[in-house]
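Two complexes are shown next, each including chain A; its partner changes from chain B in the first to chain C in the second.
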Partner chain A sequence: MTPDELRQYRVNLFRDATSMERKPDRIPHLSNFWTWQVLDMGYKFSQATHDYDVMEKVMLGFHERYGFDAYQETGIRNPQRVTETLGDSIYVIDDEKELFFLQDHSYFETGEYDELIANPSKFVWEKVLPRKFYKFRPDMDPQLMVDCVKENQLFWTKSFERNNKLAEMGVPGLISPKNGFASLGIEYLFSGLRGIRGISLDMRRVPEKVQAACDALDTISAEPVVQSLMRDVPGPDTGYCFDMLVAILAHTILSMKQWEMFYWPPLKRIIDEVVAKDKTIQLFIEGSFLRFADYFRDYPKGHIAIQIESDDILEVRKAFPNCCVIGGMTSKLLSQGTKEECVDRVKYLVDELGPKGFILGQDKMMSYRVDAKPENVLAVCEYMQSMKL
Partner chain B sequence: MIDLKNLQEAMGDLEEDTVKEILRKVMEEGGAQAQEALGACQGGMDIVGARFESGEYFVGDLIYAGELMTDAVEILGSALVAEEASSGGSKKKMILCTVKDDLHDIGKNIVRAMLQAAGFDVIDLGIDVAPETIVEKAKEENIKIVALSGVLTLALDSMKATVDAFRQAGMDDVKIIVGGAPVTADACAITGADEWAQNPQKTVNVCKAWAAEQ
Partner chain C sequence: MEEAKKNTEAGKPIDYTKYPEGFDAIVDMLDFIPEERRRATMLSLIDNLGRR
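Take a look at the complex of A and B:
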């Protein structure tokens, strides 16, 4: 196959699996490897995030070594150089200990909700950014902003170049850029603005303010995506594995009542439009999600692919019979099992969940060296590439 | 006199205004009922734990409950200190911390509040705590129960190192429970800990059982 043919072949694997009606040529294999890739390719976290040549070597080398069908992460998750121009201090990167994570932060107080609700963009620019980036101040040197914009342009230029090189190797883009990625208002409050602790207290103390803030944030986050979907022509963008992505994280702290109040309405609005336009959506879900299965029961097959972390994937299949499921390969086995045990697990999953409506993936964001042994990952990848249904 | 049943129910229902109003009344009346009020709050936290286990409450509710319990202890503070001093201090002491190389504290803080509500004197060593620091503190305070928290998969290595440090120090009588997102029965076995939990109520139950045995 030429790279173009291979790319389209891989897209078709994902499209067929998600359709739940067509049998794919083989089970597609999605990489949920994140910073693990950097360590595996012999680099340090700070090297890869600060040197775009290193990041390119990581991503291209990783694909050469393992050959997944598509990648959740191609080096665009952590734009360190951009945020550092303004004085970023929320990431924890320790190359010696091989640590890389974000700390929970709140950038405003409960009493400031009315300002956020009145004008979320203004609030973010004037209140949140100066608190998040210590150099971002009204009296800052304008050159800092110029530097930031330049770094941002460079980041995206390099990211596109990297993705183009992956495409030349037959790797498809995971999500169509036409409608792309949507983040809901509650997610912005949860992980970007108020933090886990802050939003937990606010949902109890001032639920009506949280609701209004979610609505206001949705007008600049979820709603433009809905409008874009409404304007889009019906049918899938067949150059990509999925038409849309929503990352679902905040549900991990929500009660059912809070889910119904803050989360489900905007998410339903997006999924309804995806279905109406005969497109597909990947739901990237952290933690357990089984308790929300009832909300998805009425959607027709062929539109939703759910990527689950904590739940048993066989239980997920039962609970979400109309959704393609992504996952099944456990970090536990990849890190502690043998090559044979890992491949046996794949065979078992294919027997139980395949051939329609199943995409093999890892059951967590693979981040640290201890999350997997390279030889196990390689054994699984080689098996997946050689399998025939 | 305050209505203790009403206070317990308000705590269980997470009715912050009602809880604080009743506790302030206790203090306005001189604090004589502080210990009983704290007991009612602890009873309310048991309700919170049960509702979490049944699925009615979720993690956000536990965070809120933890804050409310912390506030409750603060409101009753001076009266409780006086009473504790007069009784000679009978609470069971234990250590809680997030292990080395892990800086997450939300889960730990939930567990701390629930353990305190269950009557433990919790020595919270904070986050990113080295094994030797925990062992040293346990020796110093004659601690027999230790709870180790972690969110990152890397935390499992630190949990194992901490358990090993206790065993190497000959402190086999110290019971250790590990908890957090990456912790499973298998992970617990690897760390060598005595017990594991992925929800705070189980941690409380295990620690209470251990305290009763000692």
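Take a look at the complex of A and C:
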């Protein structure tokens, strides 16, 4: 196949699997490898996140070695150079210990919700950025922000170049840029502004303020995506594996009542519009999600693909019979098992979940060297490339 | 700093951490971006900086 043909073939694998009605030529294989890629290619975290030539070598080399059908991460997760223009990054990188993590953080207090609600952009500019970045000061040289804009442009330019080179190797983009990635207001509070501990306390103490803050943040995060969907032509963007993605993390600390109040309304609005426009959405979910299954029961097949982490994928299939499931290949097996055990796991999953409505992926964001043995990853990849349904 | 003072009224320095005056002053400096896209570019950057 030519690269264009291979790219379209791979898109069709994902589109057919998500349809749940069409049998794909084989089960698609999605990479949920993140910083593990950097180490496997022989580089350090700080090298790959600060040198775009290194990041390109990581991404292209990773594909040459393993040949997944599509990639969750192509080097866009950590814009270190952009954030470091204004001061230290909130991410901790220890190359010697091969650690790359984020500590829980909060950039405002409970008493400041009214300011956030009144104008989220103003709030982030005046309150959050100065607390987060030590160089963002009243008397700063404005060239600093101009440099930050240029670094951001460079970050995205290099990202597009990498994706184009992967496309030349027959790798499709995972998510259509038309509607792209939507992050809900509650997620913005959870992982960006208030932190896990802070938002947990606020949801109990001042739930109406948190609700209003979510609504205000959704006007700049989720609502533009809904508006974009409403303006978009019906039907899938067949150059990509999915039409859009929502990352779901904050649900892990929510009670059902809090889910009903803070999470479900904007998420439902997005999914309703995806279905109305006959498009597909990938839900990238951390933690467990089984307790929310009832909320998805009324959606028709063919629009939702759920990428799971903690839950047993067979239980997810039963609980979400109308959704394509992504996952199943455990990091435990990839790191501790043999090549034969890993391939046997794939065969088992295909028998139990296939041939329709299943995409093989890893059960966590593969980040550190211990998360998998390269030979096991390669064995699974080679099997997936050769298998036929 | 001298350039910043030229952009102020009565020689008072701009506080770049104020919105919208500091934000707008920086948007005006983005002459490498088409004018109609500068504001959206900055708002997108703020969103990213707030999350990452």
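Definition applied: the second predicted complex is superposed on the first by the 388 of 389 C-alpha atoms of A that agree within 3 Å, B and C clash if a C-alpha of one lies under 4 Å from a C-alpha of the other, contacts with A are read in each partner's own complex, and residues count from 1 in each chain.
Following the convention adopted for this analysis, a contact is a pair of C-beta atoms (placed from the backbone, for glycine too) under 8 Å apart; a residue touches a chain by one contact, two chains touch by 3 or more.
Being a predicted model, the structure only gives us computed values, none of them experimental.
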Under the stated touch criterion, which partner chain does A:Met365 make contact with: chain B (first), chain C (second), both, or neither? neither
Taking the superposition on A as described, I'd like to know which of chain B and chain C A:Cys323 touches: first, second, both or neither. neither
Please indicate which partner A:Met41 is in contact with in the superposed arrangement: first for chain B, second for chain C, both, or neither. neither
Partner chain in contact with A:Ile220 - chain B first, chain C second, else both or neither: second
Now for A:Val274: first (chain B), second (chain C), both, or neither, which partner does it touch? neither
Is A:Ile304 in contact with chain B, with chain C, with both, or with neither (first, second, both, neither)? neither
Shared contact residues on chain A, chain B side and chain C side combined as an intersection? none
In the complex of these two chains, what residues of chain A are touching chain B? 92, 94, 97-99, 101, 103-104, 196-197, 199-201, 203-205, 252-256, 258, 291, 331-332, 336, 364, 367-368, 370-371
Quick check on the complex: what are the chain A residues that touch chain C? 78-79, 82-83, 86, 90, 119, 121-122, 124-126, 128-130, 132-133, 136-143, 145-146, 148-150, 152, 183, 188, 191-193, 220-221
What part of chain B is in contact with chain A in the complex they form? 14, 16, 55-61, 63-64, 67, 101, 103-104, 106, 152-154, 156-157, 184, 186
Okay, in this complex, where on chain C does chain A touch? 1, 3-4, 13-20, 22-23, 25-26, 29-30, 32-33, 41-43, 45-52
